[in-house]
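Two complexes follow with subunit A in common, the first pairing it with subunit B and the second with subunit C.
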Partner chain A sequence: MQHLGFSHTKLKIGSFDFTCCEGCQLQLANHESSLPAFLELLDIRNFREISSERHDDYDIALVEGSITRQDEVERLETIRKNAKVLVAYGSCACFGGVNSLKNNFPLDQAVREVYGDKSVDTLPVRKISDVVKVDYSIPGCPVSKEEVERIIVSIATGSIISLPKYPVCVECKQRLNTCLFDLGEICLGPITRAGCDAVCTSGKTPCLGCRGPADDINFPSFKQLVSDLKLSRDELDEKLGFYNCFEEFRHDKS
Partner chain B sequence: MTKVNCSIDVHHLTRVEGHGDIRISIKEGKLIDATWAVVETPRFFEVMVKGMSAQRVPFLTSRICGICSISHALASIRSLERAMEITPPDAAKKIRQLAMHGETLQSHALHLFFLAIPDFVNTPSVLPLIKSHPEIVQAGLRLKEAGNAISALTTGRLTHPVSLVVGGVSKAPEKQELLALKHQLEGVLPDLEKTDAFCKTLTIPDFTRETEFVSLYNGTTYPFIGGDLLSTDGIRQDENKYLTMTNEYLEEYTTSKLTRLSRESFAAGALARFNNNYAFLHPRAKETAETFGLSPVNHNPFMNNIAQLVECHHIVHDAISMIEKLLDDPLDQLKTQWTPKAGAATGAVEAPRGILYHHMEVDESGKVVKGDCIIPTTQNNANIHLDLSALARQALEEGKTDKEIQLLCEMVVRSYDPCISCSVH
Partner chain C sequence: MIYKIITKPEFRKFIDALVRQNLSYAPKEVDVDKNGEPVYQFKEVSSVSDIAFDYSVTASSAKHFLMPFKEDLSRFTFTDKDWQQDITYEAQPIVLIGLRACDISAVTILDNVLLNGQFPSPHYLARRKNTFIIGMDHLPLPDCFCKSMNHHTVNDGFNLFCSDIGDSYYLSINSSKAFNYLKEFEISDPTDEDDCKLIERRKLIKHSFKTEVEVTGLPSFLDIEFDSPIWTKWGDKCLNCGTCAMVCPTCYCYNMEDRPDTDLKGSARQKQLYSCNLVDFAEVAGEHNFRPKNGDRLKYRYYHHYLGFAENANQQICVGCNRCGRACLADINPKDVINDLRMEKESCMICASPSPPRT
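Presenting the complex of A and B:
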């Protein structure tokens, strides 16, 4: 590919899925109008969901999903060895995601409830960084394709890779939405990292915090807001627990 | 002729959603064993929903699947609304129907162009086709984009809907956006023609194994949300009787459950919908079916690909007329206010890959006490498993090599467009 007359080497990339819905990987096939140009940046070496070609010489591994079985640990360790850069891709990879709700129940009870007497291998849900070193994280349920494109282009061009430090509230205000707190809802927008363009709140649905905490959030003040508006602490906790990324705050009962 | 001796072991089959293995053993030209084994890690969604507030549940269950998240959200919403006797406003019902069309169109386009077609033209993926067949790839991308555009406008996002809620929808599309969407859909009609012409050049394997097909049926329209449960073997049941249509059971070799009805296995999906509801297809969709020699009841699993294409025609035409109706609707009643109430009910929808059931029981505070989800691919797994043996046997009789047998077996699994993570949930 040529840019301003210069050519650059395509990024050798692999995309791998663990316990999840595979919705984040599928975002790579979205944004159809820019898809052929985006693919020009990449040399896809391993992406089981769309290609039967499988090679192990990838530089960047996008790793989607959480870890819930021993064979996944071994597969992940091999990917870590092969890749120069490992990216935790999506909220399940970054935080454990909704899968972590399983950890609220005893494992044997969960297995019995779904499978009866059949023995089924399953471990408590772990995020990728609990098992191997993670170089970058792209959160979101699902990830935002715009953000993924931006980060991949940054890697390809050697630019600084960063996520917004400010909360979803900022993006929501930019979209001139009515604040959902004013409509009597608990919204995690004030404490959640931006980068989603406030997609949920723009659909009049409260933020459930899929991108994890923003930098330097003021949780005591947020909690005070919920209590001043006489909104339910139980509901707040249910929302904080949804993606397993506000655990330190959920258990803060002060 | 030398007799084939081989063992085919496809670990983590490519170009399908999720993780499944094909294992086939052939000795001296005789098939010893053929297995379709799902090895996906289970996530335990039925446990996770326990204790959760009804209004949050669709946001959780949509995460069962990254391709058919709208179907999962709507199956949960329908079961919860029926359980708590909530009637959503008509405008919300129309927006939801349109959302289903968006999801099915993007899913079918993804499957046909990215996952299925490469086998028929001998490439490992769609990527080489971008250069060799740019016109058809562009047509596929525009169809997929149009499906995604419907989903984005009706639910707020392509994957994991934001505005589908218990009681209705939280936000309506703007009229201008609806008009632009209508134009976009009219713009992809020629792409459907191109796809028809291209698919006509492909050789669909000649293979038939008689089976039973199960889908929704409402007697007036091609069904996507709710209705009776109908099988081609003549069984018809009320939506709440979903357990009598599925009869789930477990086998050691697979982490997905399996189902059966009148026979050893049955099939769900585009071909099942087509076989049960041919009469309600748009005339243009019927025309395409006819040119491919597809008529009900068809028992060739490879024809599920063509049934998906037929449905794409139906969906684009039907979505255009739905949008015309929405343009005349004031769209001011979007959500019914509701208070929690104890109850239990089933919500059945036709996900892209077939009939999907969520059954939820809620207590008087609106918390879920029991959840059950039965997934289309769960229902297809036994049928896929049995197809593999029949197909491998037929291929051996036709003198095919081990490579050819493996390809055919991979292709038949892909024809079902399995959504394996979904099936294990």
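Presenting the complex of A and C:
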């Protein structure tokens, strides 16, 4: 393919799912208007949502889901060895995601609750970077297809790969939404990384922080806000824990 | 300027005809907040009954109609060894209804920055020339401080301005387009009584302000207080969320990014309105950040607003609408920050010659 006189070969890509809903992978097969152009950039070597072919010679591995079993650890380590670049995508891969709620309970209690007496091989939930080295992360539940396309294009053209550093409030205000705190809700928008185009808050659903903390957030001030407005600290903790994205802040009981 | 009188029912007919024929934006109630107060925004309207003429204030300003939050400034098309740039300045004519005096002053300030500088913005010009502005006066809200900034009245920057004198509006007509539209409706010349009513109305507005911000000598205060601890104090509260700049009628700083198309055959140069409070506003190559601290970033926002930058002939760009203060979740507002700055200065003087301690 030619780009400004430079030719580049298609990116040999594999996409792999671990413990998750595979919703992020489905997102990649979405956005039909740009799907042909997106696929044109890629040489799909392994991607069960898109193709039944299976090859192990990929340069870029997109990894979705969290790690909750020993066999997943081994499979992930193999993928890491095969790939030149490993991209964790989706909140499960980047932070552990909603699966991490399991970690709030003793493992045997969690298994008994779901599977009864059946024996199940399971481990506490871990994010991808807890197990192998991650080169890039694309957060979100699910990921934004536009953002994934932008990052894949950046990889293809050798440009800087970046995510917005500012919080969701910027995008939310640009959509002229009424602040959900003014409607009496706790919204994680002021501390959550933008890039979602404030999709939840535009539908009047408070942000649950699926994209994780923005750069250099002011958590003490945010906590102060929740207490000044006499909103529930328990509800705040529950929201912070929902996707497991705010672990470094959640247990700060000060 | 031509002055005319229009009765309120006739005014509604005029506005209705206008909005039915033009893409129009006016204050609309969009929500009711947790205290039961209505929330307003400038939204598209298609008939006069959509418009909340008695609105208090819109949460966001009207600046994005002239300067969108996101816009493509140009498109690039790549061929094998070459590229072509396409720039278009297309702007659909729009009508903005119900802007307050301070909002219109804000547009005049943006005109000054974006059209009178060394590099006028053709994108802004295209939109500005195709915007018809109808202003309406109002009694100030308890926290409005536009009088302190001298923007509670306005003489320019609108096509038509309506002052509420009871059963009628006293119209200030500032463009031939507005006059021609109005000719098809029942308007009359102001009588002496109407003139008196207008003067009374203006007096009432002037004396209804409850918030005053002392801005005399503020530029030099700011200059002197560069290292003041108050910047850290307020910076510690700042959430770096950029809300203040998004709702502000004059914040015009922006970020620019090239966004290649997924098929790599073209690219868009995209402008996005930004905020000097955002963490990477002053970040440069190599991730070096000239303003890594909240307090520094907040300080420069106040410097730009109250001390002024060269682009704007060092004029203050704040119009005193207090949208930033209302929207700030961390309770940072110009009145308190500026008063704090002045208090700090005064307390320094007390330190120099302390009063004798009470016994």
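Convention: the second predicted complex is superposed on the first by the 247 of 254 C-alpha atoms of A that agree within 3 Å, B and C clash if a C-alpha of one lies under 4 Å from a C-alpha of the other, contacts with A are read in each partner's own complex, and residues count from 1 in each chain.
The definition used in the following text is that contacts are C-beta pairs under 8 Å (C-beta built on N, C-alpha and C of every residue); 3 or more make two chains touch, one makes a residue touch a chain.
Predicted, not measured: the structure shown is a model, and the values here were computed from it.
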{"item": "Partners on subunit A (subunit B, subunit C) - clash or fit", "value": "fit"}
{"item": "Inter-chain angle, subunit B to subunit C through the CA centre of subunit A, in degrees rounded to a multiple of 10", "value": "110"}
{"item": "Subunit B or subunit C, by number of subunit A residues touched", "value": "B"}
{"item": "Touching partner for A:49 - first (subunit B), second (subunit C), both, neither", "value": "first"}
{"item": "First, second, both or neither for A:150, with subunit B first and subunit C second", "value": "second"}
{"item": "Contacts of A:34 with subunit B and subunit C, given as first, second, both or neither", "value": "second"}
{"item": "Smallest separation in angstrom, by C-alpha atoms, between subunit B and subunit C in the superposition", "value": "11"}
{"item": "Interface residues of subunit A shared between complexes with subunit B and subunit C", "value": "none"}
{"item": "Subunit A residues within the subunit C interface of the complex", "value": "1-5, 34, 37-38, 40-41, 149-150, 152-153, 156-157, 159, 165-167, 169-170, 173-174, 176, 178-179, 181-184, 189-191, 214-218, 220-222, 224-225, 228"}
{"item": "Parts of subunit A lying in touch with subunit B, wherever the complex brings them together", "value": "17-27, 29-30, 32-33, 35-36, 39, 44, 47-54, 68-69, 72, 97-99, 101-102, 104-105, 109-111, 113-116, 118, 120, 122, 141-142, 199-200, 202-205, 208, 235, 238-239, 242"}
{"item": "Partner subunit A, residues of subunit C touching it in the complex", "value": "30-31, 33-34, 39, 41, 43, 59-60, 64, 69-70, 78, 80-81, 83, 236-243, 246-247, 259-264, 273, 275, 278-280, 283, 292, 294, 327, 329-331"}
{"item": "Subunit A partner contacts - residues on subunit B that touch it in the complex", "value": "12, 14-19, 41-44, 46-48, 50, 52-53, 56, 59-60, 63-67, 69, 110, 114-115, 118, 124-127, 130, 141-142, 144-145, 148, 155-160, 162-163, 165, 170-171, 250, 252, 255, 421-422"}
